[in-house]
Amino acid sequence: MKIGFIGLGKMGSGIAANLLKAGHEVTVFNRTPGKDESLVKQGAQRAAQIADACRGEAVLTMLADDPAVESVVFGAGGIADSMGKGAIHVSLSTISVALSQKLTTAHAERTGQLFIAAAGADDAIDACLPLFEAFGQRTYRFGNHPPDANLVKLSGNFLITSVIESLAEAMALVGKAGLDQHHYLDFLTSSLFAIPIYKNYGAMIADKKFVPAGFSAPLGFKDNRLVLAAAENLRVPMPLATLIYNRFLTLLAQGGESLDWSAISLLAAEDAGLEKKAA
Amino acid sequence: MKIGFIGLGKMGSGIAANLLKAGHEVTVFNRTPGKDESLVKQGAQRAAQIADACRGEAVLTMLADDPAVESVVFGAGGIADSMGKGAIHVSLSTISVALSQKLTTAHAERTGQLFIAAAGADDAIDACLPLFEAFGQRTYRFGNHPPDANLVKLSGNFLITSVIESLAEAMALVGKAGLDQHHYLDFLTSSLFAIPIYKNYGAMIADKKFVPAGFSAPLGFKDNRLVLAAAENLRVPMPLATLIYNRFLTLLAQGGESLDWSAISLLAAEDAGLEKKAA
Amino acid sequence: MKIGFIGLGKMGSGIAANLLKAGHEVTVFNRTPGKDESLVKQGAQRAAQIADACRGEAVLTMLADDPAVESVVFGAGGIADSMGKGAIHVSLSTISVALSQKLTTAHAERTGQLFIAAAGADDAIDACLPLFEAFGQRTYRFGNHPPDANLVKLSGNFLITSVIESLAEAMALVGKAGLDQHHYLDFLTSSLFAIPIYKNYGAMIADKKFVPAGFSAPLGFKDNRLVLAAAENLRVPMPLATLIYNRFLTLLAQGGESLDWSAISLLAAEDAGLEKKAA
Amino acid sequence: MKIGFIGLGKMGSGIAANLLKAGHEVTVFNRTPGKDESLVKQGAQRAAQIADACRGEAVLTMLADDPAVESVVFGAGGIADSMGKGAIHVSLSTISVALSQKLTTAHAERTGQLFIAAAGADDAIDACLPLFEAFGQRTYRFGNHPPDANLVKLSGNFLITSVIESLAEAMALVGKAGLDQHHYLDFLTSSLFAIPIYKNYGAMIADKKFVPAGFSAPLGFKDNRLVLAAAENLRVPMPLATLIYNRFLTLLAQGGESLDWSAISLLAAEDAGLEKKAA
């Protein structure tokens, strides 16, 4: 397929490279210049402006957050202005951006091990399947309503924060009992909880290492508010999500803006008298 | 080693068989008769009473709950009355009983894949290592204070209930949005949450199938109260554990005594207007 | 003073009458016709349209909710279009509307027993003091920032919902213990909690009488979200307010739209197995 | 009536004086000597030991906490050993002890304005009515089960902690918005919340003055745990009570043992970034 690709961060570059490798004709664009060089060497076309990346059958974006998506899509000279009739815009989930830094092995994006949650018109998704297959291991379809894919993503982030909060409380408990938190974590993640989310976030909690932020507390808070807003619209009470809401609000009130979102775990430790306040 | 083994449920029988297979001399006892037949065929001695199982270097118990342990240990003619000087009592964690029914593959106990959290006097644990190696993949030592192993077990159960609560809220959310809960779960457990806890409890939540109980709500509540009591003694606030406490109390107030502990997930669905009350 | 008065419900009519009685020249307007008759007999001028009520030194509005305020102020031919330079708009707190139906004695508004929380430019408040004195017992000034008066109002509503939730839990407790809830309430409100809020909401909880709604659950929810939004902006975690947020969301998810906001108390009773679901 | 009175603190002395004034024959005892002098001058008999106060128709105790009650009742030479057949023991609620220091006007106990929650055998209460009338304004009967009076007391303390928590959150909100907390409190307690509980605890919160403790945090925590234990037995979830449980646990984990129980309000302020940690 002839496609455009906008957003050439670590994750975006990997996906675009996979698309090239799979034989697609890819025109790349990144706001910050220079990021396209390696891809151009691999055969990509360089777009001088967003519109140049919008002349194919589809344009994919891999952007860090909602403001970036808005600006690229709806800004002057953006995708909305530039895309041809019948072309498809695929907004790749930001969860991967955040998580790729922590949770995927270094080369996952190069070996097509991603899982893709897609929602949208059936024919649009059908048309994009060759693309998805180029960089994803499997595509899950969640109906015709594009926001549903976003709901899946947001609920996934909610589940991750739940892991963080539960580990934070358990680690405060065993830590105050005098047990070694790393040893405890090793036990957990060798037995029932043997997945990277528990391993990586558990290690960050045990090490109290929240800089540099893989996914910052303000971004985590934003996603928490978005899942709560979606839940409110649907009239779904989520008491654990509101507990985490209060954690984020406390962390930010105390100066934790620059920390990783898993720094909400500091609060359980502080409440137990184990730590100084975050800021 | 010459050892006794008391408690021949599904899990206990598997462990005892492993111990026999590893060459240990095992005398077995079970309150309900008949459960020892298969083991006797494999070479075990049959104990007519508890005391007969207490004549070796160690006695292992694999019992369902605290009252059973108390009765076997402190009852008339129990272990405390019968054990020789220097002999060691090893109380195997009940978590395995509960989880084995849901979370281990059918033959895990036969292939020595268990993880063991041990706490107690160094020489006692050293003495038991040959036993642990016979049925466990790895032994984690948590200091000299036996209750610490229990704290590890209780905190593990707390983490499992946190998984249940977080899945319950996420599934209520996507369910009320009209997405297919099984498909959603399949996505989650193929990607970031690819472990049996998420798969099995997620399936129970999506199927609303809470009978027969693998681990009953009253037992789950008991462990929740025990972890909160330990946390209170240590002055460790655990707000997520108290949220789950209220879930259990609600479930039991509404007649959920005979349901699996994961039935606390019904409450998130009911709060969202998706389900009838549990009872 | 020469003033306009818009919004002639029960509370607005009482205040306007007080203003007339105090000698002010009052032009009245109400969207639904006929409500101005009694006031016109008492000496008020009838405004044919909003603009006619905007020709004096100040215009006061006493409206049920935010949409009504928005429409009257910013709609075509509204206050914003019509007010003269230097004229003052006084938006009277809707809390009084809601509470007057439950919490004030029938004639409180006629005898000037209201308490007024005012925020705005000093000279604007100074100019309005003669008005406030005509219908309020005392005016509290909360700085120059008009939204601050609103924050006071919203936080007041939060305190009322806290009373409702705490009474709901206490009444569920003593009720399930077999004590008479009315007798218990009588004890409470004769001793430490001898104020109408505890008496009136306590009686509604004991009687389970939530129709007709004095202040409806959706309006209560709206104010809860507004106080949480204000708290979020200020980075102030309010866990009790989020607990009540979840209560409202549950009540509305279960069909409680037409009930009084104090019907969130049903949920504590239901959780305890005392009541059927709200809807 | 001929009665004994044990426990001559501020509250106990006032009640005993009222009983004397009403013409009862009172024998007084206090562990710390010297506290009986003023009462002896008013006509009381001095008991040299507990048994001497147990020779009448009833013995009343007014003691600070449960250990004191236990020791006086069940200790060697205590009430249980000494009381005659048919005599009645009246354990006066400790809530009054705690609250009298903060919430009653200085002479309330002398003018018989107390409210009494009584539970017990009908004829025992009937027999004691003349006593209750001597120092209480009104006696509320809560059935034949003495613990029910205790449940009323504990639920009352729960309501007070709910007031503290709700005020703490509201005051953190308006405080961080830049409003004057005392002025805000003055507004609240002049209007909808015009009772001493809001006034006194509100002032302590605004002043951050938690020493000396009128009712200490450990005692407040004890009562919180007792109400939760009663609720657990009755299967009544009380999420607001568990929120307060976590507040107490946090306060105590951070060194607040010597502070007044209303110091749990510090935590809302600290979470908002307004205060340093308690300890």
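So that you can tell them apart, the chains are marked A, B, C and D in the order they are listed, and the count of residues begins at 1 in each.
Please note the rule applied: a contact is a pair of C-beta atoms (placed from the backbone, for glycine too) under 8 Å apart; a residue touches a chain by one contact, two chains touch by 3 or more.
Values in this document were obtained by computation on a predicted structure and should not be read as measured data.
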- Using the touch rule from the top, work out which pair, C-D or B-C, shares more C-beta pairs. C-D
- From the centre of chain C, which chain's CA centre is farthest? B
- Item | Rounded Å distance, chain B centre to chain C centre (Cα mean) | 54
- List the centre-to-centre spacing of chain A and chain C in whole Å, with centres computed as mean CA coordinates. 43
- Task: Could you put a whole-Å number on the gap between the CA centroids of chain C and chain D?
- Result: 35
- Message: Two or more other chains touching the same residue: where does that happen in chain C?
- Response: 231, 235-239, 243, 246, 249-250, 253, 271-273
- Message: Considering only the defined contacts, which chain D positions touch chain B in the complex?
- Response: 225, 231-232, 235-239, 242-243, 245-246, 249-250, 252-253
- Flag every residue of chain B that touches chain A in the complex, lowest number first. 99, 103, 115, 117, 138, 140, 142-143, 148, 151-152, 155-156, 158-160, 162-163, 165-167, 169-170, 172-174, 176-179, 183-184, 186-188, 190-197, 227, 230-231, 234-241, 243, 268, 271-273
- Item | Residues of chain D touching chain A in the complex | 246, 249-250, 253-255, 270-273, 277, 279
